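Lettered A, B, C, D and E in written order, each chain numbered from 1.
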């Protein structure tokens, strides 16, 4: 068991980079949900990982109910919506009461929500291993075998930029998006213009939960759907958000790429220490650029 | 008509306003004068219910608006321009106006649009695409007023609109505010700059330590030297 | 209103209450082994360790205003250093404890030195990232730390091995540590630390080096957490990586917050209450996290200043109303 | 004002302590036990209490709840007959996969609930932590899921028992089986925690002795809870082995099996998955599992097709509408082992129980099983087969099953003595 | 005592302070006046190290203190108060001043002696000097606005400075409070031999007590000299006084 594995072939490195990119996309969806809620609501939502998990569970149920390959596509539509609505309930029922309290309180409240939802999920879905069918199977090859990856990862690879672009359009070119940006910097003034900032907050929180749910629904076919699956990705997503600059969507995108590709390549170089990579990357980046690689809204 | 009746307002534990009563009638400019810390901004914040009064009432056109959510009050036709402008720094000048127009769509008779705004404040036309955060103080003040107007309000609350502006800009702004009254707006201004404020106002309130010490016309104030000396340090 | 501090009778009454309370607590604690059954004695000891851990967090958090999100790092490093020294090298207890404390302090100094440049949440997240890095190393470095299996059968000397022995040793160390922290909090350092928390800018302009102050508070908190880690090993004679996972830190944070973070004994109260709650829910229901989560949510919603903060506010406002 | 703060705090802490005190004081000590007399005629004066410490939160619950259900099922059988005139009952505690929690609960069960036996333990670290504690308390414990070889190996003692094949056994079993096949190029992969590393290491140590001509072309590990196995599949492909030996832990089973199926890896090379053919994983995967993959399990509800085994499976199915996985089965036999040992010991004393259990043989659904005397590790057959579709079932099952004799794959006692330094 | 040479500070291209020159030697009480946004507070922040200048130098007691950290400058004997109330809200009035004294005496790192009785005499003497001794035990957020401004000054005095910089010390005060504060400032200059540099809005105040006045507008010095000279300056009248009074 040497520290360094044998140096891999070039095509393996290329494939690994692309696989890393596709992994980044899932991380990005959870992280961007977090960063949006941080940017606008100033709330760090530890429950985001749990919403990701709920996205996967809901997708599993929906896919089972619909059946067949179509099941996945229906689940992809419905599951994030369900999670989004659940997020709305959490915002309106709990979080809204804490906006004027110290941030630490909100952070811990969302953590308590994690505990609660984990047990509720166990009550609803039971404890069996759950697995869901992917809509695409098999591998595809590009460039004479230089790049070789599962077709489903291609789907992930495309979905990430799509979500990012959609979000960019929403934030910059729709009226709601403009109001969201305004709310992010000055909530009181938005109210003073006659716009209900509570509603904007609710929309943003719902959006952030929707994105987490979307991430969960997308990852569901490749993974084991279990209670607690949100914890690993949550801590990585939190680090991505911080490294990217709190509240900065593009920062989150960039940081997700760094994390995903870094981890994938790290696997090739020193597989035994793969688990250390995300934290090491985050620590180094934060030491170099303490407030994140992109401009933070704070 | 905007009526404030005997309001008491607290910030946390500190008692700021002690039974303030004032009114703004339709089509007039009313000026609240007082020193730093006298409670001028708090009056504005109480009316808009950012900091709702714990006692007393605020009526707008006869309706009790005390403790209504801020956005509902704004929707009724009250627009607030805060003392530090509070332009949305990440939005361009145009976007700042856009969202205000969106908020005020289908409201009021005055029907402000961007063209009309640019006519009133010509410098804004050139700044269209600049981010609000990069505008100078005078430009921001114009933008803040313009933004408030885009919501087609009937009443305008201007909190220290002249503070920190160069004399030339002050003169310009005074003219523009005067024009707004002619457009049919009723305006409540708080000011420290007594000279400029008196040029504008129909009626004046002087407040100190959270209480109204004087009310009357500009002429009455000018005649009452004791008040001027004691509370306004002119 | 101006008479708040002038009313001597209240103060005198309070000091009596204080004295009597201390007396009762000392007696209750000293004779605990006499009336507590074995399990509850163990639970009491565990609570004592948790009290020290929570209070160690409150020093930088409540008094220094530093958002330390990963205090369990130092707890874990203290515990691991102590465990490894005892198990692998057979070092006697006292030197081993000293080295464990030292390693917690050094790590805290290192992490703190990097982190105190940052403010607020950024500070918190950097501590989180670095703490998780330490956790990952401990989790991975099998030859040295036992990896995820942890280290068990740690040879603690017989004297402190028995439940009663462990109880008294831990009681003594916890009380001494708490007294030390109390003194620090009431010292000029503690006073200026609170000033730094309230208004760092002003502190700079009265000549206080705020970075130094924060760093010292952070390192001291880390040191006391390390001591708590050592005590944990004495009690359990086993360590494993979950004790330094980030969720453990969050649990402790909740204790501090629910107890009341601007009060000295708030964290202790939170530690007692939440440990007991977790134990009783764990015994009575399989879905204990559901109950615990709900209780935490309710408390966060309705007791923003923490339990002690809430009670204190009630009482002081009553006193104020009387005196005004 | 500041002074009051302290006094009030003190008062509240005091009240809490008093509450704890009252609660603690309420426990009245159990009367001492009478000395054991002849086991055959002994009559116990109270029910037997078993404490189960296991993980009921997070990924491993699919196993732990099966074990719990099977344990309860066995209790019904046992209590019909009774043990020296009394029944067996149990209490459970959730340790959240955290050793410190497990230890804390073990203490609670032993000193407050005063259980006679502890069992459960999904997490090896928890089992190891509690093992040290029960050694001192002289309360026997039985692990039914934790597979660390240390439990009955290096850290073993007379009060700790294991009914689950540990990493040493599983590794040896895989080596024995694969040594019969003609392949020489091996890729070794696993979950990045002790379990994964141990399986791989034990496998390779044994395998090298049996087949000195074999070589390792790749060795890699992934973090536990990995969501996407694509990069690992790519690197396996890149190394081009003839056989992949994989040791995924707990929840990694599903995504790994799925990724293997998706990549159609079994068409290019042989794949051996530790616990890969267990019911828990295969039933969840449906027809997404790859066909023709080697996998192992210590129990199949459909094999051996003996009357006893099928009867047990049906009984379980009737009760819970599902078939048991291997940990479920372990829960079942654990209950029977405990009952039989108490019958044999004729006393509620921990020492007598441990002595009786050590070396005990009982009949199980898969035939007679024996608790090996020296290291208290259950001698149990081990099954390796290849996945294939079944006409009646919506999921794949294991076929062409080779049943490896428990005696043969167990490490010899000398080996255990050596690691214990005896 | 204090000398400021060609000080410049720009924020994203905006010159907040542009080539300001200032010196305090003979005159003990010096005022900086100018309309809002003229750069007075920025100038203060540059001198006390809260901001570092883009160009220029600050000399204090013939030492170059340009760009030093605020706490170091403070220990050299230059202390300041703030325009907006800037005190320690959770501490008592007594503790507010005590913190400054402890810092001045370099006792802030003492960890094991109780702070309560430390420097009691000095603290009370300062509180008495400014007239807050009666409120010593009160949490300072309960003080009135005017008293909080006084406390602000008391904290600055706690540093036992040789030179005191006051940013709008009477802003928002009632006329009575303003008068007593002015008396206090004059007393400090005469009895305690303090150098005082202050900014002010209120003209009467300035001409009343300042021995020397500097007028700023849009980051520049437009006049500097004795009150009478400044009052007579055409430029000042046009730009500032003309509009104000």
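Simple rule for what comes next: contacts are C-beta pairs under 8 Å (C-beta built on N, C-alpha and C of every residue); 3 or more make two chains touch, one makes a residue touch a chain.
This is a predicted model, so every value here is computed, not measured.
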Comparison of A-C and C-D by number of C-beta pairs in contact, larger one: C-D
Using C-alpha centres only, name the chain that sits farthest from chain C. B
Dist(centroid_CA(chain B), centroid_CA(chain C)) in Å evaluates to 51
I'd like to verify one number: the distance from the centre of chain A to the centre of chain B, where each centre is the average of its C-alpha atoms, in whole angstrom. 44
Separation of chain D from chain E, taking each centre as the mean of its C-alpha atoms, in whole Å: 73
For chain D, give me the residues that contact two or more of the other chains. 1, 57, 192
Mind pulling the chain C residues that touch 2 or more other chains? 4-5, 139-140, 289
Shared-contact residues (touching 2 or more other chains) in chain E: 142
So in the complex, which bits of chain D are touching chain C? 1, 3-14, 16-21, 23-25, 27, 29, 56-57, 92-94, 97-101, 103-105, 107-108, 111-112, 124-125, 128-129, 131-133, 148, 150, 155, 192-194, 197
Sites on chain B touched by chain A in the complex: 48, 50, 69-71, 74-75, 79-80, 82, 86, 88-91, 95-96, 98-100, 102-104, 107, 147-148, 151
Touch list for chain A against partner chain C, complex: 44, 46, 94, 97-98, 101, 103-105, 108-109, 111-116, 118-120, 122-123, 231, 235, 238-239, 242, 246, 272-273, 275-276, 279-280, 282-283, 286-287, 290-291, 298
Spell out the part of chain D that touches chain A in their complex, as residue ranges. 57-59, 61-62, 64-65, 192, 218-223, 225, 227-235, 237-238, 251-255, 258-259, 262-264, 280-281, 283-286, 288, 322
What does chain A use to touch chain B in their complex? 175, 178-179, 181-182, 184-186, 188-198, 297
